[in-house]
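Per-chain residue numbering starts at 1, and chain names A, B, C and D are given in the order in which the chains are listed.
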């Protein structure tokens, strides 16, 4: 066995998996982005409505494992209402945390800390990353005036 | 060790190796044939003078191992003076003998029996075969009116 | 339209008994492993099988007593090593139903065997507009080489679809296999669905049109008695590591006349007759296709694997697997939320059993089972196009082999029930 | 014009002592073999080397405890096996002087590594009229792929000749390596002559003209500390079985940017990103080049071989081999009728020592020595064009490795003298 199951499937994660946030479709969106991990078959659709530099609302539909669903749900919950800059910074921190780099989460976001357990299951890290990378990619494309992003977190297999 | 050395390098063979017969070049020839075993580097040139259906004289120049040289020398000694039909029959018997098939040597040719020992050294069988196969090939080409034969005994590696 | 296999079940008295299975299990050192307090339950046999002691020892033995480079060596070790290496080739030739040893080419595995055909026969024979027929259930190894060959040659890739229950759908087969068909490349047994395809019938049909037939036997050869002549295929590929043998060894069987016409694949030592700076001639079969030092030790040890399988008997092995597959399917079907892919009739399938859970991704299933000491595989099983056809993003797959028993399946079933509770389903 | 290598000899106190050599010998079970009353004297190391106990045990251990298919597996065994497999890659990357692990591709051996480059980079980059430069001393593995590629592409094969004493003859090098040169494919150490080629200088020259450089390291990597970056080569190929490791494993080092542009080689599982019936995308480096189940167990065990070599230290190993090579050459030269091929200066060469007898074919030499328990190789050593250049139909070759000692050489010399008597010379 790789590591105790509960290290990965923590209560907070299980809660997000069972009742994922951000599943309400949005009537109007500013940008959308798709993420896929072909080797898992994971597919993630993400749409964002901005207002005055704030993430007004976010829709995430993830077909994937508990980790990718929970991670997407946590993203939706976290960035909603945050400024673009703040959302970006959080996504960056989560990415670093998952990649095992030293990264300090803001105090009010300790829920995200529960994603740490995934690091003990190296093949699942890309599942946890998918939503965050897809979000950042979409945002970047939006800021540079590109179209819809297409992302995967399988770069390093 | 594969088999006792003396099984292969019998006295008769050593004698033929040290003083190979048939090394005198012929002024006129009826056919010639070349044999090669590329993996050994063995090269064999054979020339035959016929007269009234008899092998009048034979020249063999073999660049190769003791076995191929001795075998060529024994060929030269054996077939010289024999009728073509008889020479063919002997070559066929030697081939069969080397390939491990049941083959009876004529009584007066028991020297050739000393080639039997080569069978205990499977990789060397093709060395012993080379002269005989080259001779038969040359004869056949001659009888069918073809040009110079080119032979190898490495068919089965 | 589906075709079914007619199987005479083995009489009960000649089946493998639980005691025999216990004895077989005892031959596999890894099955004694206890991981974090759980006995290892290995149900990932379609990915690779475990090795009996005789195979492991054959490798050590080779290196302790005989190791040398083969062919052309005129010393004792080299002669012995060559003999042992060629002995496996003769054995494999018999194992495949009695083909000529020169038709047996050692490769790294099924993938290399199929690529060899694509690079040599394919490169030489496929032309613009030609048609290559595959099925929807192919493993990437029997798919990607043909997708790329078709692209390179502007040939057409056609596929035989599958029915909802995982058989080949032969309704329109006469529109698929036609006079334009140059190659039929088909899995003998699916690694996802378990389906045993009717290779002989399809090969006959393809041959009517003069096509060449390649069967991917990676999954079939470990579980069925294979007679390539009876199947009527021109090429047959398999992997040692999926049939108790070492990794790094596979076989390409090829019909002699085809092999003879094909250019060589890996160029270098051993596969030449004569080399000049401006011209090279090739060695005879099978050496022409074995350039470079082969994986000698593992080829030698593969012999022990074939021997082990023959000692059990492929028919008894098959009967045991059918019985266990039936049991597994019954038990799995009774778990709410679990859906099984592929044929339900065990005569028509092998013991690679793919399933999904309505609420859980296969990766979560696999991670959960791993925590209970149960090894299965989850994902696309190198068959992404099939996943799309099935409408699944992935499946979980439990796959059995001769050393598995009901206790293994019971552990799996118990864990799957526990899993649904764990995830609150 | 020849170039010479400058070598600082190791101080005496840091050389391998006879006791250390004895200890090393004791690590190799096969050296304990007694064949027909003769202690095995193994001097066929350029063909393949023997394996220390740690390597043999690493294979058994793998199969007893960790065996599983790698990558994508979400269970314990598969994760461990993947880790071990990738660990060897990282180790090999360090062993080659510190390259990026993604630049290290596992193949079956040197032959496959070079063929991989020919089929992918070569197919993509060599055009009509381009020039490929090789040397006259290449092994068929680094020759036949280029002869055939040149033929296919109507490119020109040029060769660097050799001097009578077995060095590259660089007199006309500026006419050989020119702006038309697209590839320089050169042996780092000759398996026949022992010559260590000045790869770094030639690579620099080839690079000036924008050519790509491949070095065949099959013979060099086992005997010299190799730093591919310092050599400045773009590709470097080696075989595990020639450096204490298992058969069936080799490495292709490739410069990352080149590898990235190259199409894949063996197509199938593991090497794809996404597969559709009509389109396939490739996995990242190095997986793009490792289609199919690799030779997992032997790659894992190769790590033990690298470790064993590093424990000895490549510089100490090299010094020991230089000393023993010097001794061998001195002793051999004293036997009437024996002629040694290749450089006599041990700084310029490795321990593969080819020789001929004025009156005996190398096969007779080899057969005779075998009867005395001494394993050498005789023949063209997969270098037929070189044989022609040397004007020899074949050579006998004694080749040493770290476990050989003076007693081995003394036995060889004694037997060679006996041989001449036996054949009445």
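Going forward, contacts are C-beta pairs under 8 Å (C-beta built on N, C-alpha and C of every residue); 3 or more make two chains touch, one makes a residue touch a chain.
All values derive from a computational prediction rather than experimental measurement.
Seen from the C-alpha centroid of subunit D, the farthest chain centroid is that of A.
Averaged C-alpha coordinates put the centre of subunit A at 39 Å from the centre of subunit C. Mean C-alpha position of subunit B lies 48 Å from that of subunit C. Residues of subunit A in contact with at least two other chains: 1-2, 38-39, 124.
Looking at subunit C, residues 35, 72, 74-76, 274, 363, 367, 370, 373, 379, 384 sit in touch with two or more other chains.
Under the stated contact rule, the graph of chain-to-chain touches falls outside the line, ring, star and complete shapes.
Interchain contacts (touch definition given at top) occur between A-C, A-D, B-C, B-D, C-D. Across the complex, subunit B is touched by residues 71-72, 74-76, 79, 273-274, 283-284, 287 of subunit C.
On subunit A, the positions that touch subunit C within their shared complex are 1-2, 4-5, 8-9, 14, 17-18, 38-43, 63-68, 121, 124, 127. Those residues of subunit A that touch subunit D in the shared complex are 1-2, 38-39, 122-124, 152, 154-157. By the touch criterion given at the top, residues 35-36, 38, 360-364, 367-368, 370-373, 379-380, 384, 387, 392-394, 422-424 of subunit D touch subunit B in their complex.
Contact residues on subunit C toward subunit D in their complex (touch as defined above): 29-30, 33, 35, 40, 42, 44, 47-48, 50-51, 55-57, 59-60, 63-65, 67-69, 72-78, 108-112, 114-115, 118-119, 139-145, 147-148, 157, 159, 239, 241, 246-249, 265-270, 272, 274-280, 291-298, 363, 366-367, 369-370, 373-379, 382, 384-385, 388.
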